[in-house]
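Next come two complexes, and both contain chain A; in the first it sits with chain B, in the second with chain C.
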Partner chain A sequence: MEIKILEERIYHWLDERLGLAPLIEWSKHKMVPVHRHSFWYYMGGIALIFIITQIVTGMLLMVYYIPDLKSAHSSILNINSQIDFGWFIRSLHAWGANLLILALFFHFFSTYLMKAYRPPREITWWTGLYLMGLVLAFGFSGYLLPWDQVSFFATKVGMDTALRIPLIGHQISTLLIGGSTLSQETLSRFFTLHVVVFPFLLLPVLGIHLLLIQIHGTSAPPWFKKLPQPQQIYEKFFPNFILKDFMGWMVVLNILAILATIYPTGVGPEAQPFQPAPRGIKPEWYFLAPYQFLKLFPGNIGPFQGEQVAMLIMALVPLSVILIPFWDTGVSVKRSKIATYYGVFLILAFIILTIWGYFS
Partner chain B sequence: MNYPVWVVPILGGGWVIGIIAIIHVFISHFAVGGGAFLAVTEQMAYKRQDNRIYDYLKKHSLFFLLITTVLGVVLGPGIWWSISLVSPNTTELVIQQYTLIWAFEYVVFVCELATFFVYYYTWDRISQRLHLRLAWLYLGISLFTLFTINGMLTFMLTPGKWLITHQWWDGYFNPTYWPSNFLRLVIMFGLAGMYALITSSRLKDEDLRTHMLKYSARWLLPVFFLGPIIGYWYFLNVPQAAINTIFTGIHSSGVGNFSILARALYLSVILSGTILIFTFVGPYLNPKGFSLKAAILFLVFGLIVTGVSEWTRELLRKPYVVYGYMYSNSLLKSQVQQVNQTGYLNSAHWALATLGNNPTPLQTGAMVFRFQCMSCHTTKGYRGMDKLIGQRDLNGIKNLLKTLQQTDPSKNPYSGIMPPLVGKPNEIDALAMYLNTLEIPAPPGEGKTQ
Partner chain C sequence: MNNTTNPNDKPKIHRRRFLQVLVSIFGAIWSVLTLYPIYRYLKPKKNPLEEAQVNSVTVGDASSLPTNSGKNFQFGSVPGLVIHAEDNQFHAFDAICTHMGCTVQYRPDLKLIWCACHGGEYDPETGKNVAGPPPRPLTPFKVAIVQGKLVVSKG
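For the complex of A and B:
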């Protein structure tokens, strides 16, 4: 009983200063559809908890990481072998990055197939795509920082690929590398991007994305909306859905902890830029699909370079998903079906190319 | 050092024991904690004369019966079967030291089973008052099984004065006997609550469902509030060398065997904390949204916590199986000097008979590996020698084995986690030759070596 009185006092104190009552009242009216695909609604929340994990563990790693060519690798070794809990924090960060991207893929494909891009949620959709691109950029920039053989040469392969982007490839590559080869300038730029620029670009848009979700509510798939009213079941966002979201967070954080402790992240030998690249160097799993796609093209196709043609084709994928809200607005059944088939095709292509890339 | 040496490829014999034991612990703890749950809940139903709770208990007790008697009884002998194959010497030692205790345990266990069958089959056949007494009787007997077997389990980590006196009484009431009893007891209450969440989540009556879910969730409170205090008491009595190994893992590399104990402990703490939050935001705060699927997921996490915690306890014993007395490969600590002089294979029963006359060095090396290393290592797989040997050539392997022969911790960094390697120089050379034949996997980023 005394705890209840204490709870009420704390609530009143906060309410007087923050005006919580209308917010809580509003959130109580927010409803979440309950159907057989409700599971996918948790993916956004899961991605959010991984973003928070990355921020916290990233800040802790920054305390000991030195973005200097002579010290970067040894500082990672120091974190892994000398600093209390260092290897654990680093493993959480490395595994967290992979799980974040995995959760985002699930979030992206599930919202796509549930047609969550349709009006009035176009801006939510675009901000989501922006955040996903940014998270992939986080992954790419963070990968180089340990400055070991694998990260060095994998980044080099990535930058060589970027160089072949038609028209702007050279500019992009020079801007990121800071010269013609990977050096101190590259490390400094990647570090700055990873810990300053990208977070600065991410946080405000993430705020807008979350705000828009609150404004428009959770999107229900088209078939759900067609159900007779009594069969359309909803649950309260607060507290019911948010408490289940919490449980989902606990599950995924446990998976993260299990991976980090059972398969801790190691560090390879220090990068030797003048040595030949080790055999079998491949990008991280989330870049394997484009990597494999590029390999499918011959050196030249008519007057054009094969890789450049491949890149142009690949560029159509982000372009199409950006434009899809204009094309499939929910009015045409035919367009809706085509959009669904296209989504399924993208999922299959991504999975097949990733597996193919892994084993090739 | 006794035959049979049981070869389990990839997984290793230790994991066969581990898997059976972890599931068995998960079930046997329910047998005690669930007994407390049945007694306390039936007392509540009796006091309130609430038939809805009685109906719930009847269904819950069927679930209890199936889990504890059917699965528990199958897995118990499974442990005996696997430990006698992986570590016959340890099994022999524990049986010989505690023959009477085992006999007592067996009698108590039979009584426990009989009482529960009577309890289950007398629902609605005897008075409520008498049935309630049966519930409490079952709890009393099941507590006896815990207190009985716990002495022998804790003896292996903290044999205490037994190392000097060799009196069973000293080994049985060892330094961690009481803290372990209480720690297991609160864990058992927690597991009882987790199992009850499964049966409660299936209730149709919404009011009763909410009530039972919240009630079941409260059974996890003792383990989270008393568990850390009792855990601290337990660790105060664990050998200092084992505690040091934990700290080695905290402030050294997370990759490798030195950190394994710290890693296991991290997981145990993190997963336990998760279950606490899960209980609070799930069945306690949001009973309506707590489905059977969530309850099963919850139980899976409970199983993982139990597994990891038991694994941690096992790891604490390293490099021994009976701390300070018998190493994990069944070599007695007191035998090291002698075996180095007489030869390892001469001391290992059946080894020479298996080898036959004039074995090649490779055959000798394989036999030394099988008898001396295989209780913890596999050639390829869990703690696989192919990975542990890495890029070492024959000389590198010989140097490593030379280090492993040292008993002085300052000369052998592995001494806290591995028994010293023993044997005559020709046996050690043969082992090195054998290990050198194992195919070495490519290191990350180096491409394939072959």
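For the complex of A and C:
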């Protein structure tokens, strides 16, 4: 009885200051379409929980990691072998990065095929692409920090790629590397980007992305909107969908913990800048597709360098998905079909190149 | 009678427009003034290792490098590779792959210079790119044997 009165008082106090009533009213009407592809609606939420675990484990790693050329590698060894549960936190961070990117690929391809980029959701789409690019940049910058051989050459290749960007490539590469060879400068810069700059670039846009989803509601695929009214089934976001979201989070967090425990992340030998790239060096799985694509091109194609042609073709992929909301607005059936085929083509190309790169 | 015909309106709009332009110009100048020091701050100083003109290095005993083998070494700020090739000559190159900048190595099993990153291959005697994605040959260095030591110098 008394608790109820207290609750009411607290609510009243907050309502007066925050204007909760319209928010609560709005949340009662927040609906999610129910159809045979509803499963994919959980991918964004799963990506979100992995972003949260990355932030938490990242802050914990920062306590012991030392961004110094002579100490970086040994500080990782220290985390892995001396600090209680250090191996676990680090494995969660490394596995979490992989699972986050995997969840984002699912999120990206499923929203693409369900045409969620169409008006009025273009800005949601673009902020999503921005966030995905940023997460890949997180992956790339974090990869160097252990300063082992593989990370050293992965960064070298990445920076050489940046060097090929027309006009500004040299500037970008020099500013990122802090010179022309990987050194303490590079480690400091990548560390700063990874732990300060990128998080600041991520969080506000993530906020906008999530806010836009609240404004526009969950996107229903075109065929669902064409169903007769009684067959368009919706469920309440609060509490039905959010509880299922939590359940999904519990499942994926368990998967993360199990992977981190059974396959803890190791650390390779320390980078030796003047030794050759180790045999069998491969990028992380999410960069295998561009890696394999780069390998397919010969040194020279006519007057052009092979890798420049390859990079130009690869640059068309992000460009095309940025522009797709302008092209497939939902008016033309033909364009809609082409967009779908293009999406399926991208998925297949990504999977085939990834597997090919893995076994090559 | 109508407000828009009031002669006092025109200069008012002008003044507003003027201030808008002025604020934009000052904003632009201010942005440049802010960003320029940041750019200069981030622009790396010349690395003393890169500055120091290394023209030759002694890699080791010539006898320690048997036929069909290679050795990676440091040449100033860049990696180098010296090879005792099948033609019984010593050849040295800048070991930076011309494809994506990885450090190449000599593969005795292939009898080729090979890059682990994307499988580029070079001829061990000339440094010519022979297979895979590299677009250009490796830059050769000169090798001399001075009192039994391998001395590599810029060509």
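What we mean here is this: the second predicted complex is superposed on the first by the 338 of 360 C-alpha atoms of A that agree within 3 Å, B and C clash if a C-alpha of one lies under 4 Å from a C-alpha of the other, contacts with A are read in each partner's own complex, and residues count from 1 in each chain.
Assume a residue touches a chain if its C-beta (ideal position, glycine included) is under 8 Å from a C-beta of that chain, and two chains touch if they have at least 3 such contacts.
Remember, predicted model here, so these are calculated numbers, not experimental data.
Q: Using the touch definition from the top, say if A:S81 reaches chain B (first), chain C (second), both or neither.
A: first
Q: Is A:R279 touching the first partner chain B, the second partner chain C, both, or neither of them?
A: Both partners, chain B and chain C.
Q: Once the structures are superposed on A, label A:S91 by its partner contacts, choosing first (chain B), second (chain C), both or neither.
A: A:S91 contacts chain B only, not chain C.
Q: Could you look at A:P199 and tell me whether it touches chain B, chain C, both or neither (first, second, both, neither)?
A: neither
Q: Who does A:G330 touch here: chain B (first), chain C (second), both, or neither?
A: neither
Q: Is A:G179 touching anything from chain B or chain C once the two structures are fitted on A? First, second, both or neither.
A: A:G179 contacts chain C only, not chain B.
Q: Per the contact definition in the header, classify A:G217: touching chain B only (first), chain C only (second), both, or neither.
A: neither
Q: Contacts for A:N300 in the overlay, against chain B (first) and chain C (second): which applies, first, second, both or neither?
A: So A:N300 only meets chain C here.
Q: Could you list which residues of chain A make contact with chain B in one structure and with chain C in the other?
A: Shared contact residues on chain A (touching chain B in one complex, chain C in the other): 153, 278-281.
Q: What part of chain A is in contact with chain B in the complex they form?
A: These residues of chain A touch chain B: 80-88, 90-91, 148-150, 153, 235, 239-241, 243-244, 246-247, 250-251, 253-254, 257-258, 261-262, 264-266, 268-269, 278-281.
Q: With touch defined as at the start, can you tell me which chain B residues reach chain A in the complex?
A: 250-255, 259, 263-264, 266-267, 270-271, 274, 277-278, 281-282, 285-286, 288-289, 294, 297, 301, 304, 443-448
Q: What residues on chain A touch chain C, complex-wise?
A: By the definition above, chain A touches chain C via 153, 156-157, 159-161, 163, 174-175, 177-181, 183, 185, 273-281, 291, 294-295, 297-300, 305-307.
Q: Show me the residue ranges of chain C that touch chain A in the complex, using the header's touch definition.
A: Going by the criterion above, the answer is residues 42-44, 46-47, 49-50, 72-74, 77-81, 95, 99-105, 115-119, 129, 132-136.
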